[in-house]
Structures are given as structure tokens and as C-alpha cells.
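There are two complexes below, and they share subunit A, which is joined by subunit B in the first and by subunit C in the second.
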Partner chain A sequence: MLVWPLVELLQAAIQGGGTSFDKLQNNPTTGLIVKNTLVISAWTMLIVVVLGYFLAFCAWRAKGAQRALIIAFVLLPFWTGVLVKNFAWTIILQEHGVVNTVLKSLHIIDDPLTLLHNRFAVIVGMAHYCLPYAFFPIFAVMIPLDPRIERAAESLGASRWRLARHVIFPLTFSGILASALLTFIISAGFFITPVILGSPSDRMIANMIDQYQSQFVDLNTASLLAMLVTAAFSVLVLLYNRVPKEGQYGNL
Partner chain B sequence: MRKSGASALTVAGLPAFLAACGGEDKAATTSGSSTTKTTAAKLSGSITVASWGGTYNDDLQKYFGEPFTKKTGVQVKFVANTSLAGLKRQVAAGNVQWDVAELAGSDYAIGVKQNVGFEPLDFNVIDKANIPPYAVGDYGIQYAFFTSVMSWDKRQVKTPPTSWAEFFDAGKYPVKRSLYDAIYDSFILEFALMADGVPRESIYPIDVDRALKSLERLPADKMLWYSTNAQVIQQLSDKESGLGMAYTRRVIEAVNGGIPLDYTTTDGGALGDYFVVPKGAKNRDAAMAFIGFICSDVDAAAAFMKTSYYGVSNLKAVESLPADVKSQIPTSPEMQEKILMRDDKWWADNLEAVTQKFQAWQAKYKS
Partner chain C sequence: MAISEAAPELAGTRPRTLSVNWTKIVMWVALAPVFVYLVLPSLIVIPIAFTSSKVIEWPPPSLSLDTFGKFFADDAWTSAIASSFLIALIVMVVATIVGTLAAIGLSGKPFLGRGVLVGVILMPLAIPVVVLGLGDFAFLARAGRMLNGLQLVGTRPGIAVAQSVLAVPFVYVVMSAALAGLNPQLVRSAQSLGAGTWSLFLHVYFPAVKMGLIASALFAFIVSFDEPVVAYFLQGPDAMTLPVKMYTDIQYNLTPLIAVSSTILLAVSTTIFVALMLFVGRRSKAVPLPGAAIPTTSSSSGN
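Let's turn to the complex of A and B:
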């Protein structure tokens, strides 16, 4: 079930072979789209890992109902369809949308800001989608941490900074790596968000694959591109599998 | 895993192969019989028609599907998400799910060019007397037509534009323009050429460089690109933009919903979808009969146009329409005088190169 489509994809990619490869090379937008994919994914990853780490830390420190509340808010977007989330952002970010209306009524701005149909909006939409994927790997490595290590470190004379830098951070580093890789891989495969929230210059690789298959009806080139992407990200997945598990890294 | 996949393919392929053989047999006998009545008597089962989905499919079902079922007893099931790529995959895999598919004009031309596998139309079953020559292909009838027009928000635009030159005149209207990004389905280059003074008859072959240069009469921050047809209406009604290129049906629906938009069909562009039968369709005979039905039945086509304002190439049905509807129908004689018909052949030959050139320009020309 998983292997057969890949075999067919590979077959089509090989059929296209050199011709398809030339097509991709001669397409004036290929370089731009690859760059877009990397840059947008990297920004999304960075934002959600920082945000995810902060939220996971808050959730870890919080007790009972508070912790449940934080997790509920992180999970909420997880259960909402990506289209719903993206269109919600168009309403929030558009020229006469919520953000601009509030800023205007507070006299912070005179002319509405352009918040929609640009890279900013794409990254916001993707970060919203990816946040749970960043939160949970980090939260998962935090849960087993014994809260008493804080007191232990303090009693040995560690400052708050040394505590964070030398105790908490190394113990949760594997979670950060895992969430960074996971969110980068997810981000790089985004298709609908650049269409809804972005401008034409924010197209990503999935949009290009779609264009080859649905508009040019060139299934071979679409397959080749898909195979190249799969190969590139397989490397990342291998890395992800090598992320040190608990206890392999940052022993005290 | 691989083995089970392969055997599943063979099993799925077998009935399609048998059906194809059977289809040829039946076709031979059908062409021998002279009256359509005997053909109708033989029809049975059901057909699956792939189209765009949504209210469009509901209309197709109501105005064409139901009367066809009443006439022939053949059940018609409409499904969404038609595409040439989907048809190509089904034919190549030998597992054809669709009996009839509606394809965009340039997709039809690409399909013919790539020889993806269309069944040649059976003109013993399909009476093309009502269909103009430009809409008759060997493998499909170009049947349903849509008009892309200039539209505007009446709250922001008091004196509407009367030409694309005015529409693209940055000095005349300070508002943003909603422009349709999906070049395979839009007239953005054609309209830009009209704005540059190119007469309708000389649009094709498109001078892409001139068209892109003409688009630059609008500063980039006045361009609001949209990629789905619902977006333009949302942008106009939310005052994100003041002017936009849009398909008429969308504007009409918005106006009916109380949004103060308007449009003019002057210098609009019309593109038309082909109805085709994929090679290896399970119920080929009924599929041909269905296409025959929509080409010849005047009442069904007229009722469809009165609701949707889409045009159909059944000209006898167009003739039967009241004047106010007829004036909106892209296939009517009066509209043919003032709109551009898309050259699908040119687009099929140039789509890939022009799309890439256009997108490279878009990426460069931004605010």
C-alpha cells in the first residue's frame, strides 16, 4: 500500500528521464520555488520551535487545570481543518480585517497594513498549523524531567541562567531537534496555504508538482520532481531517526 | 505488498478490457441501425459524469441528468474534480471510472495532442445539427461556455470602466484590481493586450512580452492576484479590491445575495468545456447518448442557461431564450459580436512556456 505508489512514481519519473530533468532545469521558476520552499519552511520551523518550546515549558511548570488549558489551546488547531484555519487568517489579516481595524481604532496606524497575500501571511498560516507538531515532541521530553532537578541545581549554587543553559536545555535538546526536523519536513510539503495566503512569488514545491500534473498534464515530470523531493527529505527523515533518544544526550 | 498491488491492477484492468471489447461490438451494431430510437431502447445501467462539483453539478443533474434518465432509463451520477490528469491516469491504468468527462478547452486540446485516450464521438448517435462547427471536435463537443468579464464594486467605482484600457488605467481608478492568477483558465494576457489597443481578432497568437508590458501599466501594489474563482467575489465585497476580472455567474450570485457588484460583458472572454468519453468507459453507448441528448434537447439546455447564465453550444436552445437572458449568453449571436473566444489550440501548444514566463514575471514584478 505504501510501496506500490512509490514504485509507480519512480517508474514514471524514469520514463520522463532526461527530458523531464531538462524541463525542470529550463523552467525559469525552479530556482525561485526551491528557495521559497527552504526559506518559508525554515522560518516556520524557527517560529514554531521557539513558540512550542515556550508553551511546552509553561505547560510543564503549570499544574492540573492550567496545564490542561495550555494543552487544549495547542491542540485546538490540531483538530481544525487546514482550509478553515487558512480562511480564518484571511479574515483576520485582510485590509479591513480584525488586525487592521483594531490598530486603526487605537490610532497606531493610519493606513491599513498589507498583511495578507505575502510571505508573512504564509508563514503565519503554516506556523499555526505546525505548532502542535513542535509542541508535543518537546513537551514529551519535558514530562519525565523531575521538577526537583531545579532545586538540586539551585542548591548547588547554579544561577537561573546556568540552570536553563546547563540543565533544562541539554535535557530537552533531543525534543527540540525532533520538533525542528518534523516541522521543517511538514512545512516543506505545504500546498494550499501558499495558494490562499501567499502571493504568486510565494509558490512552493508542492504547487510546482501540482502544476506539472494538473495543468501541463506532464505526469512524468511531476513524478520526477516528487521523487527528487522525496529523496531530499528522506535524508532529513534519516536524520530524524538518529535524533538522540532520552538519556543519549545531555547526561548530567 | 508489491505483488498484491500488481494483482489488484490486473483484476481491475480485466473488466475494463472486457467492457471495451463489448463496447466495440455494440458500437458496430449501433452504427448499423439507422434510427436513434432503437439505440435508446438498448441503453441500460448508469453513467458517471465527471464535472466541477458544487452547484454547477447540481444544475447539470437537474437540467440534464434527470430529463435524460426520464427519457432513457439510464441513471446519471455526477462527480466532482474532473481533470485531464485524472482521465489520463484512469485510461493508462485500464480502470476507467468516468463515462463522460467535462474538460476545459485547452485540456481537451492537450489531451488530443498527447493522445491520452478519448473515444471518437459516434455521430450516428450524436446529432450535431444544433452545434456550431467551432464546437465540434472528433473526440468531444465543446458545450458549456463561461464568460470572464470586468466587474466592480458599485460602492467604490461610480463610473464603471467601458474598456480594458480604462480597467487597467491606474490614474483613473485608485482601487486595487483582482486579477486571476491561474493562466490556464484566465484571460489575463488577452485582456492586457486589449488594454494595449490590440483588436479582438488579432489577440492570437498572443504576444506575451507585449501583454506583460501592458500589465505593468498597473503598479504592483494595485494588483491583487487570486487563484480560485470564489476569491474575487470575496475581495470585491470586502472592498479589498474595487475592480476585478470575474466569471459572470459568480457576480450574478453575489448580486442576488445582496452584494452591490456589477459587470459588463463588453470585451469579455469566453472559454468552453468539452464533453468527452474516455477510452474504455464502462457504459460507452449511454455516454454517447448523453452527449447526444445535451446537443439536441432544446428544453433541457434552455432551462440550464436560464438558471446559470452559462452558455451552451446548442444554438437552437439559445434561440429559444428570452431576449434578456440571451444577451448574457456567450454563444448567442449578439454576444459573439462583442466577446473574445479563447483559442484553445494556441493555449495547448504554448501553455507550459507561457505559464513559466508569466510566473517568472509575477515573481519579479512585485511591490
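Let's turn to the complex of A and C:
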């Protein structure tokens, strides 16, 4: 049940073979969808790594109950199903949604902004989903850092900027790398969010697999695409597994 | 300058300066919008579920239970609730048994091929779930043909079997951690005292990993209950789970009924989260948090 479905796909992909490959190559949307996947995933990754780093840094500086509070907030999205989140974003971002209502009542805007069914909405929704996955790898490398290194650097005359640039950042770089790779891997596989929050031109690679399967009823081509995606993902996952994870500076 | 400022602080002779507190205030002010971003999507669906309006509007004009009434009078939605609960219960049982047996079998001394087996068990975490969904579809279609035309695609058992594969890695990780706390000599001494397989499990393994088992079962349940993609590929007229029904309705039939469904999903996952915290979180440190502890976590329940 674990391996056989993949064998089945591999077989169908081989059966389709060159014909399927030509179909993918001649499909004018293939290029667009690959580009969408890379661009949307890269933006999501960038946003969540920055936000995740900020949250992890705050959690690292805070102690006790305050740290627990920050972690609780980060964990909350884990416990909300992806459809609930996507539906919530449609309520928040739609024409008569929460954001537009608030901005109007504050007289910041007169006409509602178009916030839904575009790339902006997809990235907002995906970043919300991915943020916990960005937070934990960074937080894991930060925990063992001794808070006194801040004072040590200050006492040696380092400015705040130099402290961040030359002490904290290098020590947490492996966490950043792990969190960037992980969130990119997760983002590139998104299926639900691009459909619900995006426009038809924001579809991603997972949607294309579904399109070949359910719209064109072409299991062979869908399988070939799925196998290509799996191969690309395997490379990323192998890279991710090579990144040192936590606590290699624990004895600092 | 920095030295003269920092040194007394290091010695702990000077009370904390104002500037330290300012850093804190700035930090929490900057955190506030991030918190709103994290929390808002989880809470906003609840007032919409109690709206008196027939369309989704913000703010709800007034509160009422009409939408709930309509939801439970709608056969499509009640059937979706039944599917979701039934499938999640099957997944809970199947995945907990399979994952626990795998963890027991692979615990203890390393042996040849162990790494490969662990890799296979954890594989669903590293493969895009859409690929698994498509693979499950192709596999169950063929298996059905081979079993004299048995219908598997588009049925509740079909979805349950496929989703169990997604839940097994979570069970495996939790149970491996729980088993790591079990002294292997306990097993050997029980065996030397003549304990059979069953009594070994009942009196040695079970008490040691009870909390892990509860946590595993809860994880497995929620993995299935919130899972949209595999359930989407394998859906059928009588086998449409809540997330799949929501996915379709958000696109073609956007009504406050979806908010009721969201509230139900939210209530179930909150209950499970609280149960995990109450039963497991306090007693055993060995049970890891989801995602945080899983080595190659990709999102299994997802996206």
C-alpha cells in the first residue's frame, strides 16, 4: 500500500512514454505552471524565513511564559485544517471582507481593494500555512545559543548590527538553510490554496497533475508529470537531509 | 563606551536600564501584527457560522442558529460529516496498529535493511501528497479490477486505507520515541520468565507506551480528518469528506454553510489538541510535537 501506488504510477508513466512527454512539451501552459510554482514558492519561502527568524529570535530572547506564548501562537495554525484556513482567507480578503470593511470604515480607501483570486492572496495563504515549518528549524539552532554571547559581543565593543551580522547570523545560518529548503519543498507541492485563493493563471504543478487526471482523463501523462515532480522533490529532500539540524553549537 | 555600559550589568550590580525595556516593548509591538496574522484565520470562521445572513458578509448583520439548522438539514453535508468521522476512525485504528507494529519491529538492535524500511515508512512525508493521491487512485482502480470488480475508488474504505498510509509515519515516530524509553532488558526478562507474545505485549509493552498509543491514535485521527488531497482523488458520491465538500463548495457554492463545516473541523481539532496536552503533554516528555520532531517533515495533511 506504500510502494505499490508509486510503482503503478511509474508503470503508467512508462506506458505513456514519449507521447506523454510530447504532450507536456507542447502544452503551452507547462512553462507558465513551472514558473508559477518556482516564483510563488520562492516568495513564500522568503516571507516565512524572515518572519520565522523574527519569531524565533523573539522566542529565544523571551523566557518562560512569554516564550511559551510565542510558541503557542506559532503552533496554532498547525491545528487548523487547510480548508478552514483557505475559507477564512476568502472571508478576510474578499470584496466585502474583513480587510476591506476595516479599511473603509477607517476612510483609508473608498473602493474595495482586489485582494482575492490573485497571486498576493495565494502567497498570503501559503505563508500562513508554512510559517510554523520555518520557525522550528531556526528555533532549534537558536535554543542552545547562550544568551550571554550578546553581552560578550557588546562588551567587546560590537554594535547591535555587528552583533547580528557577525555573531547571531552565522551561528544560526544552518537553521535558516534548513527552514528555507523545508518551506520551499512544502510550498512547491501546494494543491488546494492556488485554486481557492488564486486566479486561473496562478495554478501550480500539483494542479496540473490533477488537471491531466480529472479533466483530460489522461492517467499516463498525469503519472509522468507526477514522477518528474517526485524526482525533483527527492533531490530537494536529500539536500535538506544533509543540512546539519540542531545544536551543533550547543557546547559554545 | 559599550564596555563601560555592559560591564556593570554583567556583574549584576546595576538594575536593568530603561533601554532594555524599550527593546522588549518594540519587540512585542512588532510581534502583535504577526500574532494577528497567525490567529485571525483560525477564529474568523466562527462568527460567520452564526450569521443570520444567507451570504457571507462581514460583519455578520446579526447572530442566529439558522445556518447550523440548515447545515444539519442538508443531506450532502450530513453525509460528509458521517464520511469524515467514519474514515478518520478507521484510519485511527489501522494506522495505530500498523505504525506501532513497525516501531516495535524496528526498535532495538539495528539490522541489515533497517534504514531502507524506515525510509519507506517515512516516505509519505517527503512525497507531494498530490502524487500519492494519484498513485492511490491508480492502485485502487487496478486492485478493484483484480478483485472481481470490487469498487474501491470512490468508497469510504478506499479513502481510509489510502489515508492510513499518510498517518503511519506520525504513529511510527511517536511510538519509536515512546519505545526508546522502554528498557530492552525488561522484554528479555519477561521472555525468560515464559511470557508469550500476547502477555509480553499486554504486560510489558502496553503499560510502557500507553501514552504514546493515545497520542498516536489522536494524531492519526486528525491527519485523516483534516486531509483534503487524497480524499479528493478518491472521492465518490457516497464518499465525500468534509474538506473535499468544502473545497468544491468554496469554488462553486460559497455560502455560510461552509463556515459551519469549518467550525466543526476547528472544534474537533481543538478537542484533540487539548486532549493531547492534558493526557500526554504533562506525563511524558517522550512524545514529540507534530512537525517539530519529525526529521523530514513535509506537510502530510496537506495544503
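Just so we're on the same page, the second predicted complex is superposed on the first by the 240 of 252 C-alpha atoms of A that agree within 3 Å, B and C clash if a C-alpha of one lies under 4 Å from a C-alpha of the other, contacts with A are read in each partner's own complex, and residues count from 1 in each chain.
Criterion: a contact is a pair of C-beta atoms (placed from the backbone, for glycine too) under 8 Å apart; a residue touches a chain by one contact, two chains touch by 3 or more.
Keep in mind that what you see is a predicted model, and the values were worked out from it rather than measured.
Per the definitions stated earlier, placing subunit B and subunit C onto a shared subunit A by superposition produces a clash between them. Once the two complexes are laid over each other on the shared chain, residue contacts for A:Ile92 go to subunit C alone; subunit B is not touched. When the two structures are aligned on the shared chain, A:Phe21 is found in touch with neither subunit B nor subunit C.
By the touch criterion defined above, A:Gln215 lies against subunit B but remains apart from subunit C after alignment on the C-alpha atoms of chain A.
Shared-chain residue A:Val3: touches subunit B and subunit C both. Looking at the shared chain after the overlay, A:Phe120 reaches neither subunit B nor subunit C.
If you count the residues of subunit A touched by subunit B and by subunit C, you find the higher number for C. With both structures placed on the common chain, the touch criterion links A:Phe78 to subunit C but leaves subunit B unconnected.
Judged by the touch definition given at the top, the superposed model places A:Phe136 against subunit C, while subunit B stays out of reach. In the superposition on chain A, contact of A:Pro200 is made with subunit B only, not with subunit C. Contacts of A:Leu32 after superposition: subunit B is touched, whereas subunit C is not reached.
Once both structures are placed on chain A, subunit A residues 1-4, 90, 94, 96, 195, 213, 219 are touched by subunit B and, in the other complex, by subunit C. Of all residues in subunit A, only 1-4, 7, 27-29, 32, 90, 94-96, 114, 116-117, 195, 199-201, 203, 211, 213-219 touch subunit B in the complex they form. Across the interface of their complex, subunit C is touched by residues 1-6, 8-9, 12, 51, 54-55, 58, 61-62, 70, 73-92, 94, 96-98, 101, 126, 128-129, 131-133, 136, 140, 151, 154-159, 182, 185-186, 188-193, 195-196, 206, 209-210, 213, 219, 222-223, 226-227, 229-230, 233-234, 237, 240-241, 245 of subunit A.
Residues of subunit B touching subunit A in their complex: 1-2, 5-6, 83-85, 88-89, 107, 110-111, 114, 116, 181, 184, 221, 224-225, 227-228, 234, 238-240, 351-352, 355-357, 359-360, 362-363, 366.
Touching subunit A in their complex are the following residues of subunit C: 2-3, 5-7, 9-10, 27, 30-31, 34-35, 37-42, 44-45, 48, 56-59, 120-121, 123-124, 126-132, 134-139, 142, 161-162, 164-165, 168, 225-226, 228-229, 232-233, 242-243, 246-247, 250-251, 254, 258-259, 262, 265-266, 269-270, 272-273, 289-292, 295-299, 301-303.
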